[in-house]
């Protein structure tokens, strides 16, 4: 959050790209690409989330402490998901 | 943003802060730390989803056919639009245009309401198809137990997300009549910014929910819908 | 040895936060962090003695092998309630909410926490959670153990699981809000000149604790929500009949509950750094190492929860990963203990009560930490998991560590909080009684644990009786030991000697204002120029 | 009350000595470090006690040399402990292939055990000394934990899944059996005893008990009652995969994923067959969740695992010897 006022144009550009990405993710979902489907769906979702965070939530113009908090929360989510999955993936071994 | 030349202690500055700058940064950091906590809150749900989808991929893909991709898609568009209107509301709060601020806050409320409406319709469809997990769950496909697991997760995740939307809607009502009374000026509008962060967060949660719940079964079966 | 003159400070006016305002409204609607700390102190103490009451009942029950004092249903409810009240309503809030709330703004030179109203809200949420949990006791109690493992808690238990769960769910948000307040205050409201490495180690410890509170508590919240959904509406997330996995509940539960044990111990470590440095009148040895050890514990604490699942059906491969990580988290704690011991070297050590508690803490926490290594070793955990060895281990850390540090901190900052000194003789006596009673209670439990006596047993084979009798004897001494401070703290409010702003000659901004401090803490914001734990300053201006 | 209370558990299994050696090693480390720290604290407290109120000690702030010392040394020690602990654990994790399986079912507040030869026991387990025994365990309701302190083995018993432990008794005698995971009202009552007997005594005990059909025989009759054999034919023409010799093999699923056919895969394929369908087959098998209780499931598994690959000796055309009528009723779940 900063005093920096984001020009209107940026908002509309971001909005349209979000719309396009939504359309793409739905379209891609109809093709049978095996495991690639999930990877693609997730990477599109991550880019959409990144756009919202950087521009709509002004993190791009925010002090680095805010960026640290955002990165930290996603890192902790990753810790929760990845180490627990290390149990489930290795159950058969 | 020039500091108000009036008394060294402008009206809206709380007693325990030294400068307006410090107060605004504190409230923004506070909100971001709260959102980090929310990420972990939804993280527990995503963990359950990840674990069960990796154990029963076929059942999940097959069960997700019973979700209406069209309604889900419309909801995604609505929610992203509401993110846009919220961002514009913040913009007009920063530039001090009071009635545009009120207008876009109302637009955000409207879109939020539309989202919840569609959600209610979807829940009703599940009720009609007897797909609500628990006692009255009947599922035509081969592995009904794992499908019930999918619907348990579906209701837990979308239900918790809808609850956050309702909380957001309540806060919006409070913000709108504050904005109408002209309480927010270019120097002091952190309430709007803070709420904007919360609203965008709720939108981001849906951005992940939509593909993970609605789009995982489309490729193999004959296509979406029932 | 150069000379040290206790800082001379002029006695200031009698206007302070306690007599600034009177009446119930001034307490129940206060936003002053000092008053909120006292509100927490009152509620914390109430829950401590309620939890202690259940502990006494448990120890009495275990006097006889047949378990003939109460039925097994009641016994199960007793140890569940002992667990829930002691952990959720005493250990987690105790040091952060009482001493933390009181001291963090003072130590960073601020007039109050960043969000005073949220601070009061956090106390009300704590009380609401407490009331809900107390109702779950009164209406019938919950018998699932504080761990609430499914499917017993979700399907087979017919006790008040959802009410107790709701109580914990609500109390969790109080912990989140306290953590949020601390993080923002420490980041944004430090006095001019007070850089990160001039902060007292108490603040570092509470910063690390706040990080854990923020990132771990929500996972417990969602776990309780899922448990309530499954139990209340049969929306089966963990239901094995639907292909759900009870071990997933354990993953989610322990993802919070292990970092929670670091929420309980880290503030205690923060207190010990202050006590050791003040009573040996020396810099803390290896300040940076202790500060970063706090953060190290906070981060590594999130990676190790799986050592609670070694025998619960988790894969061997994940067991290896968690075992390595659990050993790594032991290292920062070891660094701290060695640094505290090194601080004593060539110091000028006085034996006032807070220092006795600090000595007790170092000894008992060392044993507690080292017995943790037994549980982290995979092969050994198979034998000792869910036995009294585990009970003894975590009581050494929680009671030997956190409660000792809490009492040491209360004695150390009592003059600052109330402006009165506690009676030194009684305080030293009670510290000794607590130390002896504690060891007599829990050392036999290590032996019982390795013998294989399982936890949560209402009746046990007769050959374990002698050790259980010794443990119960120790528990009664410990109980008495805890009552003594309760008495003389109240006594000191009226008859205690008047304490000046800095009775111990300690460093830290909280000692540079009057005792008890004025509502706005400092007349004007103090400016910090010297390094932390700098004892060579001649005179300290009251700011 | 004071007559001979033990301070150390008996070492009655091959595994016990390894665990105890690690225990003594850790006890030594704990004793060393706690006396070191307590001793230093007491010595410094006395040696550097405050002589006068004005005394100000030297400003020692730290020494990185010491810090690295007490970071590296504990790191090495804990890694040694870790690897020792892991070695001991891995020897417990994988049961030797010749271990005789015993099926255990945990049920709220009792243990039901089935020997392959048909012997059934409640809260008692007779095992031969000197032979390794593998317990294949599952629960009918909540999580229990099968714990024999004298053997130093423990494993949670989960509903919906098989977990297993193995041990080899080395000393005849009676040892405690506890439930170690809280499971409700009579959790402390869910105890029993494990009787380790000389092999000869064990054989007589095995023969002496009430003559029950062996588990494989029961499993076979169940296999017919549920008409599994209509699809799972040994000649391979059935709609279901050939079960002869399938146990232990690595198979490919429809999704291309490779899976080892172990107890849990067989269990899941009986209770919820459509979840991991073998490549080349359709998910047509009905789910038996709720139709098969734990004992029957164990008997079916025992039967399937007993189907040796050389099924050719049993020509598919001759009908299975129909079990006598009376037998059929008893085993109907």
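Labels for the chains are A, B, C and D, by order of writing; each one numbers its residues from 1.
Here is the rule we use: a residue touches a chain if its C-beta (ideal position, glycine included) is under 8 Å from a C-beta of that chain, and two chains touch if they have at least 3 such contacts.
What you see is a predicted model, and the numbers here were worked out from it, not measured in a lab.
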{"item": "Least step count from chain A to chain C, where 1 means the two chains touch", "value": "1"}
{"item": "Winner on C-beta contact pairs when C-D is weighed against B-D", "value": "C-D"}
{"item": "Chain C and chain D, separation of their C-alpha mean positions in angstrom", "value": "37"}
{"item": "CA centroid of chain A to CA centroid of chain D, Å", "value": "42"}
{"item": "Rounded Å distance between chain A and chain B, as computed from the means of their C-alpha atoms", "value": "15"}
{"item": "Junction residues of chain C - those touching two or more other chains", "value": "187, 215, 219, 241, 243-245, 247-248, 251, 255, 316"}
{"item": "Multi-partner residues of chain B (at least 2 other chains)", "value": "25, 29, 33, 36-37, 40, 43-44, 47, 51, 55-56, 59, 143, 145-146"}
{"item": "Numbers and ranges of chain D residues touching at least 2 other chains", "value": "272, 275, 289"}
{"item": "Residues of chain D touching chain A in the complex", "value": "259-260, 262"}
{"item": "In the complex with chain A, residue positions of chain C that touch it", "value": "187, 215, 219, 247-248, 251, 255, 302-303, 306, 309, 314-318, 321-322"}
{"item": "Touch list for chain B against partner chain D, complex", "value": "55-59, 142-146"}
{"item": "List of chain D residues in touch with chain B within their complex", "value": "254-255, 272-275, 277, 283, 287, 289"}
{"item": "Chain A to chain C touching residues, read off their complex", "value": "65, 72-73, 76, 79-80, 83-84, 86-88, 90-91, 93"}
